[in-house]
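Next up: some structures, all given as structure tokens.
One chain, subunit A, appears in both complexes that follow, with subunit B as partner in the first and subunit C in the second.
What follows is the complex of A and B.
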């Protein structure tokens, strides 16, 4: 296959994939969706979405960032402990970590509701959704950091730092953290992206007062307000596309660093 | 600053039941360079790690630095410097960062750290690489960074685990001389692990030859070479011939062509500095003789063998 044929083919496929995105976003900035672009561009729908659903965007960001902080605080030490222990238990835990990913979100959500739904005011609080997102996202953080820890000479580096006189906090902050920063970055982008887009589990966990962006988006679509849903989708893209690009960039960078070693 | 080290009853049994070291005593004088020599798996690294504080000896074992019991003191509080076989340089720091690490974690002021790092860079001829990433260094340069990092905080003891084994022969020889000069100038107590007898001979004040978790013999290179305690030591530090009860080195013998000689030349192998001649007699006994490449006898020739003058 010639270069030009190949290029044409690739562009065609890209167009095929991008078309639905454009179609779903365009009405959101078009004055009259039935007349098309000739009716002019407008920010009216975006402003209306913000007035009606602004809270869901903020809540989604709040949940995503909280999930990130918790998965970092729990996931990094957990990955470190798993990397340090060669035993069967550590490998079993590592395997068990994929479980929340394999189990459907709806099942996890039902489990959470049955187990904690009656605990105090938790059910009505955004913290309930946060718990679900942490359960769902934690394995991704642990795996990303663990992969880096296992690819480096962890034991050797720690012993070398100890031989230099470094206490545990000194070597963790000065040697281990800087060397796993790439894994933490990759894990963080993954967690934020997953949390922002999570729908299955959140649909069951939310209440009318704790709606996240994807849940609100579904609501807008079912309300048959296409232009609103479109504008809403655009807001979602603006949040998620930079994250996805950053994720690609971080993965490429990690590959290059890995190749040098 | 250097210390005398005593080990008392230090054994090491791994959880799986492998006995890496049988309980042993060892005395190392202050400022001495002791080489632990032995084949792979004989327990050299384990012994070094006990002295370092990276492993605990089995119950009853004691490690003493200048009489002070440091058995339970972890490595980070023993003030020892260590060069690892894999170097284990910190990839997140440049050359100067690696060398200064031990000083920074001790809370030494920045100006003093910088001064000391410069001194180390110069001593190990790394000045022009100060800002280089460690993964952009050659093997020899990495080795020198590891050495500089270990000695920068002026440790009481320097421990080196096969520091040259990852390098090619030529570089190994060069760095061996550098390390030798460095150890002499620092006057530090040093323990150097190797499986290479030439390296051991060249660097050591004394050699501790190890065999399957035990000390086979401790002495100078000459002691081990000329008065080996057993066949294992004799064979490990050089090739030997057995003449009756006696062990004789191939270079201690000389050949004389003679039609009535009891030995027949089997093979003469040119090895550069000398020729190794393999002989056999009517009874099938074999003998190795090293001689200069001057009048090498041809295979099949009859020769007499005599001892050279006093060794």
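What follows is the complex of A and C.
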């Protein structure tokens, strides 16, 4: 494949990925979508969407941040144990912990409804969605932190700190955590991004009072005018694209740090 | 505190989450199907047909995505030119788009008032609309899968030894021969891994199909309809459990075949 053929094909694929994004958000800021951009730009649709669906954005942020806190508290210690232990049991536990990623969200969600749908008011609460997001996102946090832990000399670091008289909490908080900050950052960005966009599970887990951003979007796509659907999509992009850029920056940084080590 | 006890305490919360909110629900799912649910699936042709369509869509998605990602990935891994970084950023931008948003993008591209339809009208032809057909669903799944597959291919291609390729070429191999005998075998673990993820995602995701409201009865859509509209819990549970088992098996097999490279 010659250079120009390759470049041409790559540009074509880029256009296939980017053009729909532009075409989709444009009606959301255009005064009259049938006249096109010449009719002027407007924030009218954005304001209308915010008035009707602002709550879904806030709920999604609330769930994403809660998921983040829980996956950090639960996932980082788990990754540490998995990195310290090399035996068959540790590998089996690791295998089990990442399983929820391999099972479609709709299956997990249906299982959650069967198991806990009738427990108290859980079904009507946003906590029900949170449970689903934690199950789905935890493997990503464990993996991101585990990858960093395995790339460094964990045992050597701990021995050195122990020889200096550091207790276990001192070693964990003062030596290990600062060294895995990069992995925690990468995992955190991943978890927030995944939670904000999660739909496969959330569609089954939500109720009319606990609608998240992607569920609201699906509703807008089937029920609302193109201008509103587009404006709503634009709001989602404004939220998710900076997160994605940060994620790629963090991944690039981790690669460089890894290369230096 | 002994190391062993500390390790047990540190991993206990993760195991508790896994056990309570994944293992128990999946167990419930397996049982809720009951003998009736599983028999219905196996005897009613429409469920088997839906399974067939789902596997077909997933296989086509995987093949098309791997083809595109290999071509683009090899090109980007081999060439350095101004704007390469920007191009890579554009190609991976959709990485974080959920399936439901991708469905909307397909509508705006190939729907009734979509870009393709407007262009075909302006050119004096007929209105071309394919968003709601099998082609539209495929387009969405391929769109969804290209960014992540591409990243895997680029990472693997950059690890390939360029000297092997040069050696093959200097021994008189044609470009196609180099691709077939050197590049593809070298990339095959990464392609297997990425392909499996692609296949499993296309089998289990339903955001795109939901947004398109297409008439293609992929399995996740059937599960959703059985559960919400028909309240047919046994069939929905049985289908979900088998679907989960299938995607998990595909990923586990691929991971074995690719030597642990699969996610």
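One rule holds for everything that comes next: the second predicted complex is superposed on the first by the 247 of 261 C-alpha atoms of A that agree within 3 Å, B and C clash if a C-alpha of one lies under 4 Å from a C-alpha of the other, contacts with A are read in each partner's own complex, and residues count from 1 in each chain.
Operating definition for what follows: a residue touches a chain if its C-beta (ideal position, glycine included) is under 8 Å from a C-beta of that chain, and two chains touch if they have at least 3 such contacts.
Note that the structure is a prediction, hence the values are computed from the model and not measured.
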Contacts of A:242 with subunit B and subunit C, given as first, second, both or neither: neither
First, second, both or neither for A:170, with subunit B first and subunit C second: first
Which superposed partner A:179 touches (first subunit B, second subunit C, both, neither): first
More subunit A residues in contact - subunit B or subunit C: C
Contacts of A:78 with subunit B and subunit C, given as first, second, both or neither: second
A:159 touches, of subunit B and subunit C: first, second, both or neither? first
Set of subunit A residues, in rising order, touched by both subunit B and subunit C: none
Parts of subunit C lying in touch with subunit A, wherever the complex brings them together: 1, 6-7, 10-11, 13-15, 17-18, 21-22, 24-29, 32, 68, 71-72, 74-76, 79, 81, 87, 89-101, 103-109, 113-115, 143, 146-147, 175, 200, 203-207, 210-211, 213, 220, 223-224, 227, 233, 236-237, 240-241, 243-244, 247-248, 251-252, 263
Contacting residues of subunit B [partner subunit A, same complex]: 52, 54, 74-77, 79-82, 84, 86, 88-92, 101-102, 105-106, 135, 149-150, 153
Subunit A residues touching subunit B - in the complex, by the definition given at the top: 152-153, 156-157, 159-167, 170, 174-175, 178-179, 260-261
Residue ranges of subunit A in contact with subunit C within the complex: 1, 3, 6-7, 9-11, 13-14, 16-21, 23-24, 73-75, 77-78, 80-82, 84-85, 93, 96-97, 99-108, 110-112, 114-116, 131-132, 134-135, 138, 142, 168, 193, 197-200, 203-204, 214, 217-218, 221-222, 226, 229-230, 233, 236, 240-241, 243-245, 247-248
